[in-house]
Amino acid sequence: MTDKDFQPLDSGIVPRFAGMPTFMRLPVATPEEVDIALIGVPFDGGTTNRPGTRHGPREVRNQSSIVRRVHHATGVSPFDLARVGDCGDAPINPLNLDETLESIAGFYAGVRRAGAAPLTVGGDHLITLPILRGLVADGPVGLIHFDAHSDTYDSFFGNRYNHGTPFRRAVEEGLLDPKRMVQIGLRGAISDAANYDFAKAAGIRLIFIEEFVERGAKDVMEEARAIVGSQPTYLTFDIDVLDPCFAPGTGTPEIGGLTTREAQAMIRMARGLNLIGIDLVEVSPPFDPSGGTAITAATLMFELLCILAESVAAKRPPG
Amino acid sequence: MTDKDFQPLDSGIVPRFAGMPTFMRLPVATPEEVDIALIGVPFDGGTTNRPGTRHGPREVRNQSSIVRRVHHATGVSPFDLARVGDCGDAPINPLNLDETLESIAGFYAGVRRAGAAPLTVGGDHLITLPILRGLVADGPVGLIHFDAHSDTYDSFFGNRYNHGTPFRRAVEEGLLDPKRMVQIGLRGAISDAANYDFAKAAGIRLIFIEEFVERGAKDVMEEARAIVGSQPTYLTFDIDVLDPCFAPGTGTPEIGGLTTREAQAMIRMARGLNLIGIDLVEVSPPFDPSGGTAITAATLMFELLCILAESVAAKRPPG
Amino acid sequence: MTDKDFQPLDSGIVPRFAGMPTFMRLPVATPEEVDIALIGVPFDGGTTNRPGTRHGPREVRNQSSIVRRVHHATGVSPFDLARVGDCGDAPINPLNLDETLESIAGFYAGVRRAGAAPLTVGGDHLITLPILRGLVADGPVGLIHFDAHSDTYDSFFGNRYNHGTPFRRAVEEGLLDPKRMVQIGLRGAISDAANYDFAKAAGIRLIFIEEFVERGAKDVMEEARAIVGSQPTYLTFDIDVLDPCFAPGTGTPEIGGLTTREAQAMIRMARGLNLIGIDLVEVSPPFDPSGGTAITAATLMFELLCILAESVAAKRPPG
Amino acid sequence: MTDKDFQPLDSGIVPRFAGMPTFMRLPVATPEEVDIALIGVPFDGGTTNRPGTRHGPREVRNQSSIVRRVHHATGVSPFDLARVGDCGDAPINPLNLDETLESIAGFYAGVRRAGAAPLTVGGDHLITLPILRGLVADGPVGLIHFDAHSDTYDSFFGNRYNHGTPFRRAVEEGLLDPKRMVQIGLRGAISDAANYDFAKAAGIRLIFIEEFVERGAKDVMEEARAIVGSQPTYLTFDIDVLDPCFAPGTGTPEIGGLTTREAQAMIRMARGLNLIGIDLVEVSPPFDPSGGTAITAATLMFELLCILAESVAAKRPPG
Amino acid sequence: MTDKDFQPLDSGIVPRFAGMPTFMRLPVATPEEVDIALIGVPFDGGTTNRPGTRHGPREVRNQSSIVRRVHHATGVSPFDLARVGDCGDAPINPLNLDETLESIAGFYAGVRRAGAAPLTVGGDHLITLPILRGLVADGPVGLIHFDAHSDTYDSFFGNRYNHGTPFRRAVEEGLLDPKRMVQIGLRGAISDAANYDFAKAAGIRLIFIEEFVERGAKDVMEEARAIVGSQPTYLTFDIDVLDPCFAPGTGTPEIGGLTTREAQAMIRMARGLNLIGIDLVEVSPPFDPSGGTAITAATLMFELLCILAESVAAKRPPG
Amino acid sequence: MTDKDFQPLDSGIVPRFAGMPTFMRLPVATPEEVDIALIGVPFDGGTTNRPGTRHGPREVRNQSSIVRRVHHATGVSPFDLARVGDCGDAPINPLNLDETLESIAGFYAGVRRAGAAPLTVGGDHLITLPILRGLVADGPVGLIHFDAHSDTYDSFFGNRYNHGTPFRRAVEEGLLDPKRMVQIGLRGAISDAANYDFAKAAGIRLIFIEEFVERGAKDVMEEARAIVGSQPTYLTFDIDVLDPCFAPGTGTPEIGGLTTREAQAMIRMARGLNLIGIDLVEVSPPFDPSGGTAITAATLMFELLCILAESVAAKRPPG
């Protein structure tokens, strides 16, 4: 236990531009001290085109100074439901992909053992693979996956570990149950007509943007909830699921994407799921000179924290 | 009277990039010479986080060179309905908040005595308080308020006059009638669950973005019109009511906001109200390096001018 | 004939950031070698306000490295339907408008004689006039025209050839059949209430953004298809038809425009038309420091290529 | 005569960010009212590569709000030596180079007849030609020319009037006396070894940056003063004579240029010359997103004003 | 005492882009734990023109991740000479200048009592006044002052406390001994010929940039050392003493300033002085979109730390 | 042999903004066709901090459109001395450092066998190692090395191949003769006092910026020429040797660096050396939003080409 005050600094006393840019201006903490661990994974070694997401965690921390305490629409106050702290960055090696996959997995195994649920900011999407390796100890989990891309390719440049392949690997390794996976917001031209064959054969539910627009957020999320059910589920949010007008600072923008309104609505509809962790990835500050993408990411991180805090609180034994 | 030609320069003769950047390339004028006074209030001394709106009036003037003469959808030609001129900036003191509140109020009292209706560009939202002090002479008026934030806090940093508090002050001072106030587009996490208590208790109608999205612009504006009725009404437009993808250049962006289409539709639905003045605030050029926010502001300023010109013309005695 | 491989480079072998930025990483080719000629026209001499579209073709080439091979929603693989190559830039003279009108027209006459259908990137919108002069040999064609502006003014600064006048000139010259013309997305204040008189009198169908929003993309495009029918049709896409949040890098932005989703939906609904050529104009890199407008343009160029490839393939004699 | 106060606004009363951005926050005036006319020429129709200097006058006006009243090193107070006002922009036609050459020349003939000395901000360097046509009435004058380029080409794209040719034309037309011309700061690779042949044959003194660096500002300017002597002289300052680190916002940057210290030192050494006018050209805001080039230009404009005011005062009859 | 490791993180183990951006990646500490306290003062309420330095401390912290351990030229290793830590930000109130002057002074009095020497990052230059009020307990100290401006004005906008007046106030209050003050790098036009009268009359040594350029860094610094002598001295470094090409991100740039080479040389020549504290002020991130000014500031902060560490070590009793 | 015209396009006929951005607007060629091969190596997998140089070759190609034909100071016309062409990019794998080291080495071995001298644009500095592996066939060569950093570290993150180690590896592998190596422009704090021990022990001549400033470019380069002598020599130019005001777009900027004037002077003094190849590395476009670094790099590339062309021509047998 700890006597830290796990509340963001009061912006009526310490201005938002002052002080240390921890996530949401929360205390620095160890996973053992908290219920929810805010973690950065500053690694972009799996990026095949435009790099830069290694700078994501720091800039999201910086912009997350705008986060306040109570959700205006749901009334959720995550800092009252759970102890939340900034647990720093997972160890990575910018020159060694294989070593980094191991060190991230090891770090998240420690988070799991400490009993904290992680809310992570990347980094490119490859990081979800070692996060899952660390977190998933008792058989495959479900996945709600917001993304413009399926990331179920087999390889690029002869390499099976990059930001286009993590979810194929995770299925192959038994970390994810493909029948309990749903990918929402897919779009963009593909390199080959067979690109989605693996995902389809495995039974992953693919919801392209066209279907999403046709049906709307509510209908889609009801299906998504049904797919993952009440069993343990991970949620991964690739910032490029948003339209580039909301999130230009990312490596592989695809026009015609989600609005932030739609993303917010869907995250709020994920309340009550059995969440073991969440990540938000692919924020690339070098391509975001005005900082808007990081502001968007920080705000969505608060939305995600609200549902994770509710999930954590729901699992807590009474008393 | 004056023999000035109160029409924007002809862009087929003087290019838009040439000449002096008065608002809409209109003549410089005194309030006495015009029906509608375009005014800048370059003050951001009430800003609690990111400063810069002191540069707003100049940059909106600069980008307002794109403004043309006739509204494409309503057919309104404001420059034919009313004499409109650039009446310069209200006097302010960047080092003294109290003195500035007085000098702005004095300036607007002069505008009122001159019989001109002001269309103002800020500056941060605190400026609406002294504008109302100068303009409101005969009892409280109604308010249509577009904003992501209610701005009815009591204080920040122990200070009761800042850009989070003007509308509480204005109600307390009897400048606004809370029963005739409507706030549209509210959103964003709050510091405390009690943040909206004052506004609710006072009877202000709060329309959060979620309700707005549910009901749509038309329905919401019909209610707003009913709330303010036919009595004197002020309209204030905080640029942060727009989604940050349309207006990144502001100090407190909140994702999930209005589209410009929605804003335009609502402004057009405000035709026929009894308007005593309008302001557009919180444009912050240092956070708008590409100038897009100022372009948006300049275009909305024309939309606002059209409804103000109609209101002014409607009050004019026949003959 | 040629033995070139008219497929984009494989991004799993040659990274997208490597190699020469031809359009879509396709081979350089002559019009004679291809079915569809991708062409740049780097000319902005018809621009009355903010210049810079002369830099458009190069930057769209640069960003078009992100283009992949197969359309995710329609399944169209344009590079399998037609030989597509980068045919370079049309010759222009930045100091001489009249000479440039001639040299562009001559270049496109050559493209026509070679039997290739052009997909062009501008340049300002004046370039569509000489393109049509070169392409249209057998009587007026129809036009689907996406734009915020009608571009049917008579003159600016005493000059009848500028980016506000090409479609009046094209009608006058018998290149376009006004009864088979539709303009979609019009908006923005106008200089004079009579600005649309020519277009209306000629019988051009004007669809303002307000009507578009009311009816939706599907309904509007069904009408547009009916207007142009099955006869030869040209399609011109001014990037400023999009809302500036999607395409800030243009000279005359107008708020309240199309979303990219809407634009994509309408382009896909133009499948099956009898297209003789397409252009995408008014991308201005100096006003697009983050490159987002060029990314949007490159992606839409792929959408446009898909429908042009289908049109070309449909006209090809069997066997 | 006029009773205007030809002093910049007091920045201790009206903040620099407030009010109308006239040049140096001086009154708007006619040439007849002033001794020195500050004039913009927003024309870039002579530009062969990157356009944008049409936006120069407005942005230099904007940034010139920083100008103060007394030169810290020389003690000169130009506003006490001469009446100085903002005389607006010369008329130009962005679509017609020939017409613009005439309208600029006509405007400057009017300035000459009014007895005012012009201090002009461009625009591209071609504008110096019509300025001289308007100003030079009594035989050729001398020229001090700061520039990275000689601008004595014969033609580009078959056109003899562009920003690479004005000084050849001016010599040919008898506006400049080549024996009294000096060009300082020349550098950059050339298209052809013969590029400087005209200038050399005509007797223009060419001082390349290498010679400048070897000799230093003082020695070079002593020679320059000797070359132009005490006869009427024009001074033209192309911002690209500065190193791009000081002035990135220009169309044709050349590395290895002058420092601002060197430029300031040379301008101050031009005190006491018989100056008939000065211009500062090639500031291109679209390539200067941070505004630094315009700040530099505005500051140099004050340096230039100081020497022009002394020259004007020196010619004034006693009494 | 503390067992913290007061060394920057090892960049060969934790990448520079990872982890929390404390100053120089040092531990967070209280003044009591360290010999040298790195402190931010995020206040710009004394700014008369362009605001933004309130964001300075955070961005300098961010960019200071590049700082290494040993000075390449002097061999000084400050972290071996003294315990150095990040002591956070002084308390400020963005809405209340008077209260902030008090709270800063109180904070620095605490630093003094703790026995730590402060190295501060601003904030605007007004902050030096309350810092001195807190630090100076035993009679006036000497001052080495690098700046483009003397900051000895009497008032602006009727206010005696702003970033143009701190050194007049400090002299008046007996905090600084004007005979032991030297200002280096002064330049820029002045509002009135009398602007320097107070400083001159008080006996402050003013070294304008012209004298500096004439004499060189070595000669000037020898004089500066003689002026302050071996008595307690404060050093203040306004980033605008640098030429704007090195430090565009500041509110009042003046061309023709110091190079970073010259600044580094002078700081190194300040070795061995009896320094009680140092500040570096006027870094304004909103005007520094590329971050270069903050990188420059962070590097100079290391130079300043080296001389302060030597001064601190020299005063330490042996053993 | 080939009948291509190995001259840049004529900018008086094809504008600089038109056409394909090959290096210097030269023809695409194979190494066999040319004497000098302009090559890109878009790899930044050896970067320990800020990535992005993978985008360097493309952006330098883009900006190299400004290159002209004849050196203004030396009169050298490289395109008349040697056939120069754009030989594209070396093959790289962004996900595999080891494979990339091999593929680059293989590519350059091919260049060597073709008899062409390479002028390369990176990429991070690690690429020089495989370039040397490919080029150096007959024993160690000399090196003139412009850089802020020695790049003779042993390892980072446990990895011996990264952009801080290439020159230690090259010495160890016998590719470079340390007695014939000179590093010019070194500066910046170091991680450990022993950082330069390897370089010093090996006999590499280290010239820090302080010595450079003291002695001047001429004296330093005379020594450098003596060190490498007349034997085969490679020249490597890290753009970060320049002061960041000239080259902000790089990953590890160090203030107090070379001016472009100094760099140009030193390159010109390298005329007559026996050069086997040259590279220019560490240009990082994501950190260069205004493009100035790439313009600087393109201009220096022309300077470097001039001396390489002379070297190539000097080795050519007469006739």
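Each chain carries a letter (A, B, C, D, E and F) given by its place in the written order, and its residues are counted from 1.
Throughout what follows, contacts are C-beta pairs under 8 Å (C-beta built on N, C-alpha and C of every residue); 3 or more make two chains touch, one makes a residue touch a chain.
Since the structure is predicted, the reported quantities are computational estimates derived from the model, not experimental observations.
Engineer: Please tell me whether B-E or D-F has the greater number of C-beta pairs in contact.
Structural biologist: Looking at contacts between chains, D-F has the larger number.
Engineer: If contact pairs are compared by residue number, which of A-F, B-E or A-B agrees with B-C in over half of them?
Structural biologist: A-B
Engineer: How many angstrom between the C-alpha centroids of chain E and chain A?
Structural biologist: The separation of the two C-alpha centroids amounts to 41 Å.
Engineer: For chain D, write out the residues touching at least two other chains, lowest number first.
Structural biologist: Residue numbers touching two or more other chains: 15, 17, 48-50, 54-55, 94, 156-157, 243, 245, 287, 289-290.
Engineer: Between which chains is there touch?
Structural biologist: Listed in label order, the chain pairs in contact are A-B, A-C, A-E, A-F, B-C, B-D, B-E, C-D, C-F, D-E, D-F, E-F.
Engineer: Quick check: in the complex, which residue numbers of chain C touch chain F?
Structural biologist: Chain C reaches chain F through residues 14-15, 17-22, 28, 40, 42, 54-55, 57-58, 61-62, 86, 88-89, 91-92, 94, 289-290.
Engineer: Please output the residues of chain F touching chain D within their complex, sorted ascending.
Structural biologist: 10-13, 15-17, 66-73, 75, 77, 243, 245-246, 259-261, 264, 289-290, 292, 295-296, 299-300, 302
Engineer: Please give the residue numbers of chain E that touch chain D in the complex, ascending.
Structural biologist: 48-50, 155-157, 186-193, 195, 208-210, 213, 243-245, 248, 252-256, 287, 289-290
Engineer: Which residues of chain D touch chain C in their complex?
Structural biologist: 44-52, 54-55, 93-97, 99, 156-159, 161-162, 286-287, 289
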